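Just dropping this structure here.
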Amino acid sequence: MNVLIGLITGMISGATPILLAALGGTFTFYAGIFNIAMEGMMLMAAFFAVLGSFFFHSWLIGLALAILGSLTLALIFILFSVRLETDEFVTGIALNLFALGITTYFLRQIFKVKGVFTSKSIVPVPQLNIPLIEKIPFVGPILSGRNLIVYIAVIATFFCYYLIFKTRFGLRVRGAGYNADSLDSSGVRTSRIRMQALLLCALFCGLGGAFLSLGYVTLFAENMTAGRGWISLAAIILVDGHPYGIAAISLLFGFFDGLGLFLQNYGVASQFTAMIPYIATLFALYVYARRVREKKGKRT
Amino acid sequence: MKRRLWSGLIGVVVALAVGALIMLAQGYRPFSTYAALFQFSLGGIGPFTTTLKNSVPLVLTGLSAAVAFASGPVNLGQPGQFVFGALAATIGGLYINLPAVLEIPLLLLLAIAGGALWSSIAAFLRRAFEMSEFIVTLMLNMIADFFTAWVIAFPLMDRKAYSPMTPQIVMNGWMPDFGLLSSSTLVMLGAVVLVWFVFHRWRAGYEWRMTGQNSVFARLGGCDIQRNFLAVMLVTGALAGLAGGLVVMAGPHRFIKGLGANYAWDGIMIAIMANNSIVGTLVYGVFIAAIQTGALGMELITNVPSEIAQVLQAVLVLIIVATREYTNVLLDRLSARRQAKERAA
Amino acid sequence: MNDLIALHNIVKVYPPNVLAVDNVSVSFSKGEIHSIVGENGAGKSTLMKLLYGLVPFDSGRIEFGGVNVRFHKPGDAIAMGIGMVHQEIVLIPQYSVWENVVLGAEPIRSMGRIDSRAAIDAVRSKIEEFQFNLDPLAIVDDISVAARQKVEILKLLFRNVSVLILDEPTAVLTPQEIPQLFAELKRLRDRGHTILFISHRLDEVLELSDRITIMRKGRKVATVEASKTNKESLATMMVGRQVIFTSKRTPHRRGELVFEARHIEMERSDGLKLLDDVSFSVHAGEIVGIAGVEGNGQFELVNSIMGLEQPNRGSFLVKGRDITSLSILERRKLISFVPQDRGKMGASLSASILDNAIMTHHRLEKQFSRWHGLVLDYRKARDFVDMLKERFSIQMASRQSEFRSLSGGNQQKVILARELLLATPFFLMDQPTRGLDVGSIEYVHGEILAMREADRAVLLISADLEELFLVADRILVMHRGCIVADLMTEKTTIEEVGAYMLGGRASA
């Protein structure tokens, strides 16, 4: 029983960063931006979260700095991709490498270590124990006691759905993606909408990155996002951006993440268990490609 | 051509300026730092040949990315193809021992085959199931990383070593040096020339280029898109694999952890900076190698962490690409404004 | 006549050096229908885009209601009461009619939530006010092209514009749908709106307008009253010389059967028939035209003949040989092809002119390969391009220049030349004169007729009925994937063809 609970909470933890990054990416996806910088935004956020938490002894400041960190990346993206009209693919890759470089550099410069920085002084984001719910048998320990950011992520899912499908902003964001010329003709500046989408993406990636270094674990390691940005991109593509679909897929990936850790207890080499989420992504992509093919009618 | 040179130069200058700002903010002196950097990479035959040798994996993975991007397939799998090539060469070098004249070509061929094999998986998944090679190659990178990590920690591990790595390959597989010049540099240069010829003078290269620029046009013109896709994936996988093999054979002579780590992504970046031009990839590859080589030496003298090289590189890519694209737009606009003034007068 | 809008000395140069509008001054009154005519590339579209704020102009000034204005984006123009309906309809196909109409001016409740009830009601009342006959809840992707155009107009009326700019609106309509549009426009004019109507179709312009401004090569030639001019003088002003409207086609005996389509069927995944039992033939020395509103299966037909798509049933034969399952390369030995979109299908814009010119030849002609087909003989390729340049009078800076640096007419010349020289029995052309100036159009028609003289079989898909009547021997009409008519050009009229285009056999 404890094992099962452990698996489920592990799944939730594994899903959260992917969910947050993917929710952020949804906005840019709908807005018609080819945004592959989520990996970099999360990494920046993870680093600055630790920075803020360590030096100010406050997870709240860590969170704030994390979001600032990913916003910085988003601003650079906006400068190059929207204002200077540089190719989005190139900008994204360059920003990911920039994030990797600068966080590694600062890790060395500021914390004077290579590889990993960990310390008792890093204040992690706290867990939330909900008074009545935690007493419920079986479900209680799962629903209560999760990290604060997990709860934020759940609320965020509903919030994103509302924002995208029920509000004026959402209508315009989707319009920017479906037909930017149409939106421009309607008097709304597409570049402005895209900018707002990128900033929102940074917000969510900031939360996701902060969770990685202040929740999932309490440390910063070089390149600790380990391809999660790419997985969240795959998640977005697989469900065509819909927030609820993303939540489902994120849980799936989180499950595989947790499964990997679980299998290590049974002697499966850690390298193979680490592969599992990525193989799972390949499989999901296979299913997706199959679906697309069927929709096209297999004419050719 | 001239515009490309200009945007390249402006990009380099601005990137170095940004690096200087970061250094200043940290309390270092940029001028002497840069001086040390370039002295260690370009000041003299010794440093220069070292830079050239270090540019081998960068240029080869850069070629891989450049040819792929210019031909259509989005092959971002150089990191995975690189390590598989390295692994293949290592395995060959551990179990087969032939005279050097035969051993070296054999190991190089194994490296090429290893890289091509890994990229062929992505090609197959695309061909059979229409799975986007963009995502597949990225996932395969991570899988290759973990797989090789397992291989060097278990079956092929050198028990005497202090961290996961394979034993050294036979000496007949070590790439020789001709004085200060490494033979791997020669192999790299040969590959550049060969790739250039295939890409710009061969019929296959023509079809690849046309397909990359407009696949419908190429299809209607009679090009076999499927076959070309496969060919490009194999060739570019082979190039990345060759890079991996050369690094093993000319460097530590064994597969160690973190072997190919950043080379391949740097290579992708170099291809982007060069706008997928083959000659440009060579030039930028050597330049980036200079920065990386010099950074290590620079750290000895000035205490600036060598990781700043990574930051400089990323800034370089952004600035160069942005400058290139924006310069065109700017120059066009200026020319238009000039003509408008003439008409209004 | 009170001038509502006045443009003074407007100049616009498109980077790097294309003079699109050259010192143009013109004014428009309240409550009139004012047409702006000119051939493709004359600058009429650009002029209106400058007025509308889509594109910035370089010098000059614009007065609206006596006040100097400068619009930096369409939103500014709309706020002042000027709206534009583009040639390519820019609606969002995934959204419904009401969503498209209110986009940018959405009624909202608290927290930015869209008040869909209020929006739908508002849209519905506007529809009734102008008698537009639309369903606010319909998805734009599902409605007809004429209806989409109405949605575009409605969108502007929803914002209470007083000036409506329409860019080539009749290009997407059948002959039968045009009178309805004109009636609506006249109704709007009578209510005090100003309509600016951009077109190159002189008959329509004469029927609809109060005044007409003629543009040529970026300059204004004249502004005349419609009642005081005629088609010939308009055409002369448009082109700068006398234009002949009669066909140059001489009687020519057709030869053997070259191309055959037999019972071609193609279905979409949801069962909708894209091609419905299509059968027809083309003989040597014959030009067969296919007329039809865009989207009735012509594109699918072209793609399946070329091999980009496969039909579900049926077969194509060229000179008796079944090509339905052949690769594209094999088909190219028998078929030359000029696609409807130069940039998207017929060429690589960023490649050099030389690279574009040798496509397909590089595989089919041994002279271009060395070393058993591995290496391309670039010397022969260079000679080939020089020959093309000479023979077809193509104006290019150099062989190595980017293809996109050529003018539209010259681009089409290169493509045409390349395909002509493939020496195939069958020639397929899809909208070959789209977007070309009159000179280039005449040139292309000349080449097509020459092919006929040389006993090649030509299948010409065109949305321009006048062009078909000028050039084709027979005209087939496609409607909803079927061939609904097979008419001899001599024995039919534009109206009859138009009737088939719109309703199949139902109307005539």
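Here are some notes:
All chains are identified by letter, namely A, B and C, in their written order; residue positions are counted from 1 within each chain.
We take it that contacts are C-beta pairs under 8 Å (C-beta built on N, C-alpha and C of every residue); 3 or more make two chains touch, one makes a residue touch a chain.
Here the structure is a predicted model, which means the values were calculated and not measured.
Comparing chain pairs A-C and A-B, the larger number of C-beta contacts belongs to A-B.
When you average the Cα atoms of each chain and compare centres, the chain farthest from chain A turns out to be C.
In whole angstrom, the spacing between the mean C-alpha positions of chain A and chain C is 45.
Centroid to centroid, with C-alpha atoms defining each point, chain A and chain B lie 29 Å apart. Annotation for chain B: residues touching 2 or more other chains are 329. Interface residues of chain B facing chain C in the complex, by the touch rule stated above, are 201-204, 206-207, 209-210, 213-214, 216-224, 329, 331-333, 335-337, 339-341, 343-344. Interface of chain C with chain B (complex): residues 9, 11-19, 22-23, 58-60, 306, 308, 327-329, 332, 337, 339, 344-351, 355, 359-360, 362-364, 369, 373-376, 378. Of all the residues in chain A, the ones that touch chain B in their complex are 76, 80, 84-87, 90-91, 93-95, 97-98, 100-102, 104-105, 108-109, 226-227, 230, 233-234, 237, 269, 271-272, 274-275, 278-279, 281-282, 285-286, 289-290, 292-293. Taken in their complex, chain C has these residues touching chain A: 54, 73-75, 78-79, 84, 86, 90-95, 99-100, 103-106, 108, 111-114, 155, 266-269, 309-310, 312.
Per the touch definition, chain B reaches chain A in the complex via residues 26, 125, 129-132, 135-136, 138-139, 141-143, 146-147, 149-150, 153-154, 265, 268-269, 272, 305, 307-315, 317-318, 321-322, 325-326, 329.
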